[in-house]
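Two complexes come next, and they have one chain in common, chain A, joined by chain B in the first and chain C in the second.
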Partner chain A sequence: MMLRRTIETRGPPAAEVAGMATPAWRVIVFVLGIVVLATIPFVLKNFYIFQITLAVIYAIAILGLNLLTGFNGQFSLGHSAFYAIGAYTAAIMMDGFDISYIWTLPAAAMVCFVFGFLFGLPALRLENIYLALATFALAIAIPQVLKSSLVEHWTGGVQGISIIKPDAPFGLPLNSDQWLYVYTILVAVVMYVGAHNLVKSRTGRALIAIRDHPIAASAMGINVSLYKSLTFGVSALYTGVAGALGALAISFVAPDSFTFQLAVALFVGLVVGGVASISGTLFGGLFVLFVPNIAEHFSKGLAGAVYGVILLLVIYLMPTGAAGLVRLIVSRLVQQGRASGR
Partner chain B sequence: MSAPAAVAIEVPRAAARAMTAAPLIDVRDVCVRFGGIVALDCVSFTLPERELLGLIGPNGAGKTTLFNCFSRLYTPVSGDILFEGQSILSRPPHRIADIGIGRTFQNLALFRTMSVLDNVRVGSHPLGRSDFLSNALKLPWTVREEKSLADIAWELIDFLDLGEVAHRRVADLPFGMQKRVELARALAARPKLLLLDEPAGGLNHTEIHGLGELIRRIRDERRVTILLVEHHMSMVMSICDKVVALDFGKKIAEGTPAEVQRNEDVILAYLGTTKK
Partner chain C sequence: MELFLHQVLAGLATGGIYACMALAVVMIYQAIDHLNFAQGEMAMFSTFIAWQLIQWGLPYWLAFGATIAISFVAGVAIERVVLKPLHNAPVLSHVVAFIALLAILNSAAGFIWDYTIKSFPTPFGNGPLFEQGLMSKHDGGMIAVTLLMLAFLYLFFRHTRIGLAMRAAAANPESARLAGIRVGWMTALGWGMAAAIGSVAGMLIAPVVFLEPNMMLSILLYGFAGAVVGGLTSPGGAVLGGFLVGIVENLAGTYIPVVGREMKLTIALFIIVAVLCVKPSGLFGRPIVTRV
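After this line comes the complex of A and B, so read on.
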């Protein structure tokens, strides 16, 4: 009798549970999210508003990396380069050419898309760890290129470029930190909706098909090389837009802000948020920004070690990232609800 | 002048076949070499529309090699493969599905993390025109395109009796079901020619019987020409219109199942050369 009960209460498989449970809990999460996002600029101090803005910016950059690695199966340890190119595009436009900050994002998007697409073409010949190595080289090269005397006139060399934080338009009663927060959220919404649409479409299925089985994908009529390089471009576009937003938020760019460490941070955010998860990247952004600070809070001298321990614990406790953990909890809750309802 | 055409519709299939000039596929003296090894040695055969041709031969005879020439994974050193009178050898691998050639793989090549529905929808990729930008913006015409691709997928899911598992990940399904998913995926681009690479491999007796029925139904109801590579002799002999036998890359026999079964070279290839 006991045995039969356990079998009966096991319920339908996880995919089906998630599918049925989606509407109710998604709506609750969505409404809660809007309420929290809307109250943040009015209840928190400027410094925290600034930090959350930065976390969202990192999340957009991680989303770009996730489109490439999580959905299309191409590794990159060089996304700091695209972040840097986006940031410098914005800074040079504002400082050197006096162009409004509004135009810096589309420009950074275009520049990074083209750069990412062109980098993606030769990268087509490289698989997995070799691609990781090639992108690593990009991450190493970019800060030095930015410092070089050839482009110093535009990039400001080691000094970098200072820019002025934009004020709120239309006389809105917001200070510049509050406005930048609102602006970042608006951009993030557009970027996330776009990524969500893309992943759930014919193109998105093609990306995942290439990741799962490139030969079969090709036999299904998918132009694997074209899709892979376009994905590289789109991924760079996302990370470049994040870079441009980051330049506005910090109102300063310098070569040493965009080292290999940033690339690794984005990679960490991708893994702890959840590979091939769109909403997980938000957790990734928060993790990348706040966990190093928390680690430093525990011990100044051993901050790196504490960070490492936290990272190990997180990966041990949620091997499929935050998104995987949430999915697991929801499906457990739904099953329990059904079991007690019976 | 229109009278003969009207008559042509009435004549039996065999005669009609003789009247249509070009067969659907025409394999002409195809040779494939890997280093010093000759994988295919001047193989030729034709396949008229809506026939079911079985390609048999012992392991290593070159059957899958020929399939991979169709899929453009290999390029013959000489010879040509014509599809509807046009050579396919100048086309890249991803431009084969859109002229109407679909295939399944010997050891399953499904998109393992995707659902059954999504696998089948990937199969209909050549029928869509959307791209990164239009999909990210969810333009109205892409929504309509998604709807029509989903309709095609659902019709095939029903045809292959996969409705119960449509939203499950394919990796979680039993082997026989995964084979049906591959069939659905291969049919999703509405191919004129279907290449089946050992569809019976790994299936049990009852499943093989059902598969034979299914392949015939695909040919008859969906009007698809089928090239079947198969080891399972009784299935090949019971469902095929014509059989081509290969051994060590050479064609050793061609004819009706009964003819090929009686052919001495075929018997020799399968049973060994103890006679000599």
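After this line comes the complex of A and C, so read on.
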């Protein structure tokens, strides 16, 4: 039987590392992560806090893309569209209707879920490259639609919309950058826990089954069409929430911030972080935000070339992304641990 | 009716550009089984090489031939150096490698030849082909060369041993290897040919859109669209698809009032998606059949 897998994610299970059982190891990493995240707003300058906030926002957007591509096997080069819809939903609510920023996230989530679900329906008929092209068309279309005179009254046309950065509530001694960081982290934790639970659930197994073998999945009684379009909706929801957060963080939205280059960046973040890896998306977010800056640092004129070379090197060193590399190292450590234990 | 005919003719002229690019896209799809996002930038880079050769005083057709040869070698080299090491990586990593290539070529071209717009000579002359003046001689020449390339490719893939071997290597690498075909080199050859065809496309397009590092971004998109509408497995379909996209784009811009100039691209793409929803493998493509 020949089965062509488009996405390979298998890695040996990380049973134990250097004698420690996995739960203990995981808990240590988790606690360390929390400590680092909690100290960041108090030791770094505002600009770096802002950048890390953005990286986490990108990570959430990439997580949305990963649910679709990594776990459900549907390609998308158009997630900048959902990011834009989320961002504009937040901006229009705050600027046009004076609604508190707290409510923009659920609203962006709902709007993007509906958009994603509806786009997922025709996408059911398209596979691989055809789906990539259709979503790419969406990414190209969105800036033009946002600029068009039909919706100019709402979107502010080419000018975009400026919004005011929210201040910390309850009189917390934080400036707006610090508060936005805390807010983003809180939202991110909810989103990541949600994604983790979704993937580990019965539904998540259905998604993975559809990715690995749609025919077998439908033979097992999985409603392939429903799950595929639902995944599209959930994926758009995640990216839309990220978009709304991004609008808050930058406090400005304009059509040209959401070109297909954003879609390509999200896709790069997905692959570099690791396809079908939830924690890998954090690395992806950092990569998407910082590597272009680093490349520019090397050489102004050749920034694009340096970026390309870094990207190639990363792909050579980690063909399965950062998550794949970590899995590989962990499994090596496990083997060594076993060998020395004997 | 007059306006309609004029728009169709103008659409055919721009469609010629897309058809050219679509042919290059399909060519590489045949060889490597996925779309190469760096294709447009490869063509742009080749065109810059041709421009440089002409600047150095070479006659047009000599520069034309030399550029094709250089592009072919460069295409093979890119496959060997950049993509061969990724042989076993997942498909998505390949796509990222294409994106990296795109960034490198675009930025390098801007660095070497800067971002000012350059004009590129045409061998066919600039006068109108018919009296109405909607289609220039260059447009006519471009369409003729595209059709010529198509015929050449058809003969190559249908009637030569190496063409057959390339098709086999793309369709079923394992079986092809067992039959004694050097699959790796066939892929490299495919890249070389795609780069060569891309260079021809670039040199034909450049007199119309002018030469600069970002000239190919939207054209490649139309090329993809044309290729997908026509069917990625059919070079003839791709060329026809390219013309169709050109015509549809022009007609939509003229007859749908909201669309106007800026939304032309959007509408064209949505029509394409609509076509795909009805016929998922393109108008002339073979339906995808997978073994279970």
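To be clear about the criterion, the second predicted complex is superposed on the first by the 321 of 342 C-alpha atoms of A that agree within 3 Å, B and C clash if a C-alpha of one lies under 4 Å from a C-alpha of the other, contacts with A are read in each partner's own complex, and residues count from 1 in each chain.
One rule holds for everything that comes next: a residue touches a chain if its C-beta (ideal position, glycine included) is under 8 Å from a C-beta of that chain, and two chains touch if they have at least 3 such contacts.
Fair warning: this is a prediction, and the values are worked out from it, not measured in the lab.
After superposition onto chain A, the modelled positions of chain B and chain C are compatible, with room for both.
Once the two complexes are laid over each other on the shared chain, residue contacts for A:P106 go to neither chain B nor chain C.
Once chain A of one complex is fitted onto chain A of the other, the partner contacts of A:R202 are limited to chain B, with no touch recorded for chain C. Using the contact criterion defined above for the overlaid structures, shared-chain residue A:T69 touches chain C, although it does not reach chain B.
Judged by the touch definition given at the top, the superposed model places A:K147 against chain C, while chain B stays out of reach.
By the touch criterion defined above, A:G337 reaches neither chain B nor chain C. Once the two complexes are overlaid on the shared chain, A:L312 sits against chain C while remaining clear of chain B.
More chain A residues lie in contact with C than with the other chain of the pair chain B and chain C. If you stand at the C-alpha centre of chain A, chain B and chain C are 80 degrees apart, rounded to the nearest 10.
In the superposed pair of complexes, A:V234 makes contact with chain B only, with no contact to chain C. Contacts of A:I215 after superposition: both chain B and chain C are touched.
Superposed on chain A, the gap between chain B and chain C at their nearest CA atoms measures out to 7 angstrom in whole units. Residues 215 of chain A are contacted both by chain B in one complex and by chain C in the other. Interface of chain A with chain B (complex): residues 13, 15-16, 19, 194-195, 197-198, 201-206, 208-209, 211-213, 215-224, 230, 234. By the touch criterion given at the top, residues 71, 73, 92-98, 103, 105, 109-115, 118, 121-123, 125-126, 128, 130-132, 135-138, 142, 145-146, 149, 167-169, 172, 185, 189 of chain B touch chain A in their complex. Of all residues in chain C, only 34-35, 82, 85-86, 88-93, 95-97, 99-104, 106-108, 110-111, 174, 221, 224-225, 228, 232, 258, 262-263, 265-266, 269-270, 272-273, 276-277, 280-281, 288, 290-292 touch chain A in the complex they form. Chain contact summary for the complex, chain A toward chain C: residues 1-2, 4, 6-8, 69, 122, 125-127, 129-130, 132-134, 136-137, 140-141, 144-145, 147-148, 150, 215, 264, 267-268, 270-272, 275, 301-309, 311-312, 315-316, 319-320.
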